[in-house]
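Okay, so subunit A shows up in both of these, paired with subunit B first and subunit C after.
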Partner chain A sequence: MTAPGPGPSGIERLTARLRGPTGWLLLVILVPWLAAVAWAPEDSVQGVVQKILYVHPPLAFAAYLGFLLTALAGGVFRWRGDEAWDRLARSSAEVGVLFCTLVVVTGPIWARGTWGRWWSWDPRLTVTLLLWFVYLAYLLLRGFTEGSERAARFAAVYGIIGIAVIPLNYFAIELAGGRAIHPENLARGSLGAGMGLPFLLGTLASLGAFVHLVVRRVELEGLRNRLAERAGADGGRGEEFGSWDT
Partner chain B sequence: MGYVIAAYAVTLGTAAVYLLRLARERRSLVRELGSESAREQPGSPAGASPS
Partner chain C sequence: MNVALAILWKDLATEWRGRDRVVAMAVFSFLVVVVLHFALPARDAEEARRLAPGLLWVAYIFAAILGLNRAFALELENEALAGLALAPADRGWIFLGKAAASFVILGAVQAVTAVVFALAFDVDLAAIAPSLAIVVALGSLGICAVGTLLGAVSVRTRYREVMLPLLMLPLLVPVLLAAVDATAGLLETGTLRWRSVQLLLVTDAVFWIVSFTSFEYVLDE
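Let's look at the complex of A and B:
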């Protein structure tokens, strides 16, 4: 008789519980957000294209959160050695890269509508591209070194070092000292009348989508791990995937 | 208006495709885990798929 595979970890039990509620919460936010965007007043300078504001920065906030969570989970994995934290780091990086990709795509669409060109080597745009490359490299590293504990431990350190790009990205405009063409970071009261609500809902929708996707992604990693552990317990496919290879 | 629609369509479309991919993979893994469990249970026919 084969030994049963291990049960899900605390993180995976939590994600299994959160999958439904976060999905419903996201649906509940999405509809009012899109309605608020439709009814938001047009900007007097940029016109209707300014409505990209309600999706572009919120996507960036979620990408920041993804990379911060990658670093945090990677740090806990290094400290406690629990693979579940590594799976959270990896999942968070993947969803963070997805959101960062959307930032890199929606930004040029907005730029084309306002500046008349798709791209400029502005400090904010350049550092955003750098941030995207840093975590894309993290995913490539994880993809090419599947199942290696040494790579997982290295990736944890890399993920922690990578977050140094986040403050550089956020403060790029101030650091550029007036040479940037990207608008400054939003401050309290800097949005026009009627623009605060769609921006707030956009931020909640983006963060809600991030949490829901990470929850689903972590759950997937947990299922893959359980399957690999069972295969390992059967003595057959254990070396194929799932077992640490130092 | 085209730029606004493009930005929102790309964002929502990409997120939806990613979500569907995760859901499909989850279904397939759950099915696979279920069939592994069925194989482990004494008396259950080998390779029987769970209901």
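Let's look at the complex of A and C:
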């Protein structure tokens, strides 16, 4: 593994730059978003439960973004060997699992209200559920592997297979006769009048929250590394990263 | 390539002398068949035929988890795993040798399990044996690819026996669903369903390519 050069790496500079704006975005957007959700018209068929639209798909976008980022950052770590990329992969997996958990919780509430049952084995639901399992396993793998360098290597490999399996899962579930009842695409003008703005604000809030949490998590991991390095508690790693101290 | 053959030969010879892995896997999968028979009793031939594909693959996947866990656990003795990592060859070939050995051993267990299963559930597997063997082989190829890659990973973690199924099962869903669908098609019509065979072939290709190229990163010196 190559040691990071002197000074903060690209990821550290990026997280430092993103922390403020995403935090402010969240603060500024929260009240208008809540107000827009409250004022949005009630759906004529589904009633008030439909308002979960302004929470559920935005959370799902962020969760998918998290898993994609985990695989990409893991891939770059594997290629470049820079440990900062692994920190990004790990952080976005953790935050992605958090968002995916919220998706898997909010989905059934909506489903109960409109489809009449908590869960259906629709392809998209099933693929999301399987992704959730894959990334829970990813986090368990990191937790149960000793040595941070080894954990990073294992996790990079697993994160990449986890993404590769998504399309295969999709075909497999359709093959097994999972009936698609999940609405296809919201971008095709299927939103009623007055629903577009709260949906847009919800998406911005969710993505903003995702980026902000990942940024904070990456920074925390960086601080932890620096502490371990200073204390020399982490054996080999302390030596490895302490060498460029001038 | 010679490295892959040498490892395949070494694993099979070790197994032939001890026969512990094959026996443990076979006894375990018989037990699974018996438990499934009582958990989901089939009242008539029609119901047995409907349940059989899924149950057969449940028995196969459990046996595979048991076997794949052992595949690398036995390399821990005398630090043989570090020896493998130091072999002067592309590590993809090491993967190929280990996966091929697991494939052969799993195949033997699957063959005897199928006989026991046919007797226990009273389904006629003999009539479709050649096509069933193709489906089982395609399914096992995917299982052994992912299982060998992740077996090398999980053996280096705490709770290694627990870690392998947690890592492996969510990835094996496409293989399992396609294999179950193909087996169901065979039992219903006696012919191979091209759609599910296609999915098995694509999944196998993806898993073998990813595992072959990633194996380098999961072995430690």
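The criterion applied here is as follows: the second predicted complex is superposed on the first by the 201 of 246 C-alpha atoms of A that agree within 3 Å, B and C clash if a C-alpha of one lies under 4 Å from a C-alpha of the other, contacts with A are read in each partner's own complex, and residues count from 1 in each chain.
Going forward, a contact is a pair of C-beta atoms (placed from the backbone, for glycine too) under 8 Å apart; a residue touches a chain by one contact, two chains touch by 3 or more.
The structure presented is a predicted model; accordingly, all values stated were derived computationally and were not measured.
Visitor: Using the touch definition from the top, say if A:Leu72 reaches subunit B (first), subunit C (second), both or neither.
Guide: Neither partner.
Visitor: Per the contact definition in the header, classify A:Leu223: touching subunit B only (first), subunit C only (second), both, or neither.
Guide: The answer is first: A:Leu223 touches subunit B but not subunit C.
Visitor: Determine, under the contact definition given at the top, whether A:Asn169 touches first (subunit B), second (subunit C), both, or neither.
Guide: After superposing on A, A:Asn169 lies in contact with subunit C but is clear of subunit B.
Visitor: Once chain A of both complexes is superposed, is A:Phe133 in touch with subunit B (first), subunit C (second), both, or neither?
Guide: The answer is second: A:Phe133 touches subunit C but not subunit B.
Visitor: Does the superposition put A:Leu25 against subunit B (first), subunit C (second), both, or neither?
Guide: After superposition on chain A, A:Leu25 lies in contact with neither partner.
Visitor: Quick one: is A:Ala16 in contact with subunit B, with subunit C, with both, or with neither? Answer first, second, both or neither.
Guide: neither
Visitor: Between subunit B and subunit C, whom does A:Leu200 touch in the aligned arrangement: first, second, both, or neither?
Guide: In the superposition, A:Leu200 touches no partner, neither subunit B nor subunit C.
Visitor: If we count contacts the way the header does, which residues on subunit A are in touch with subunit B in the complex?
Guide: Contact set of subunit A toward subunit B: 1-2, 4, 34, 37, 48-49, 51-52, 55-56, 59, 98, 101-102, 105-106, 109-110, 112-113, 209, 212-213, 216-217, 219-220, 223-224, 226-227, 230.
Visitor: Help me check something: in the complex, which residues belonging to subunit B touch subunit A?
Guide: 1, 3-4, 6-8, 10-11, 14-15, 18-19, 22-23, 25-26, 29-30, 32-33, 36, 40, 42
Visitor: For a test of understanding, state which residues of subunit A touch subunit C in their complex under the given definition.
Guide: Spelled out, the residues of subunit A in touch with subunit C are 78, 130, 133-134, 137, 140-141, 144-146, 150, 153-154, 156-158, 160-162, 164-165, 168-169, 171-173, 175-176.
Visitor: Tell me, which parts of subunit C touch subunit A in their complex?
Guide: The contact residues of subunit C facing subunit A are 146, 149-150, 153, 156-159, 163, 166-167, 169-171, 173-174, 177-178, 180-181, 195-196, 199, 202-203, 206-207, 210, 214, 217-218, 220.
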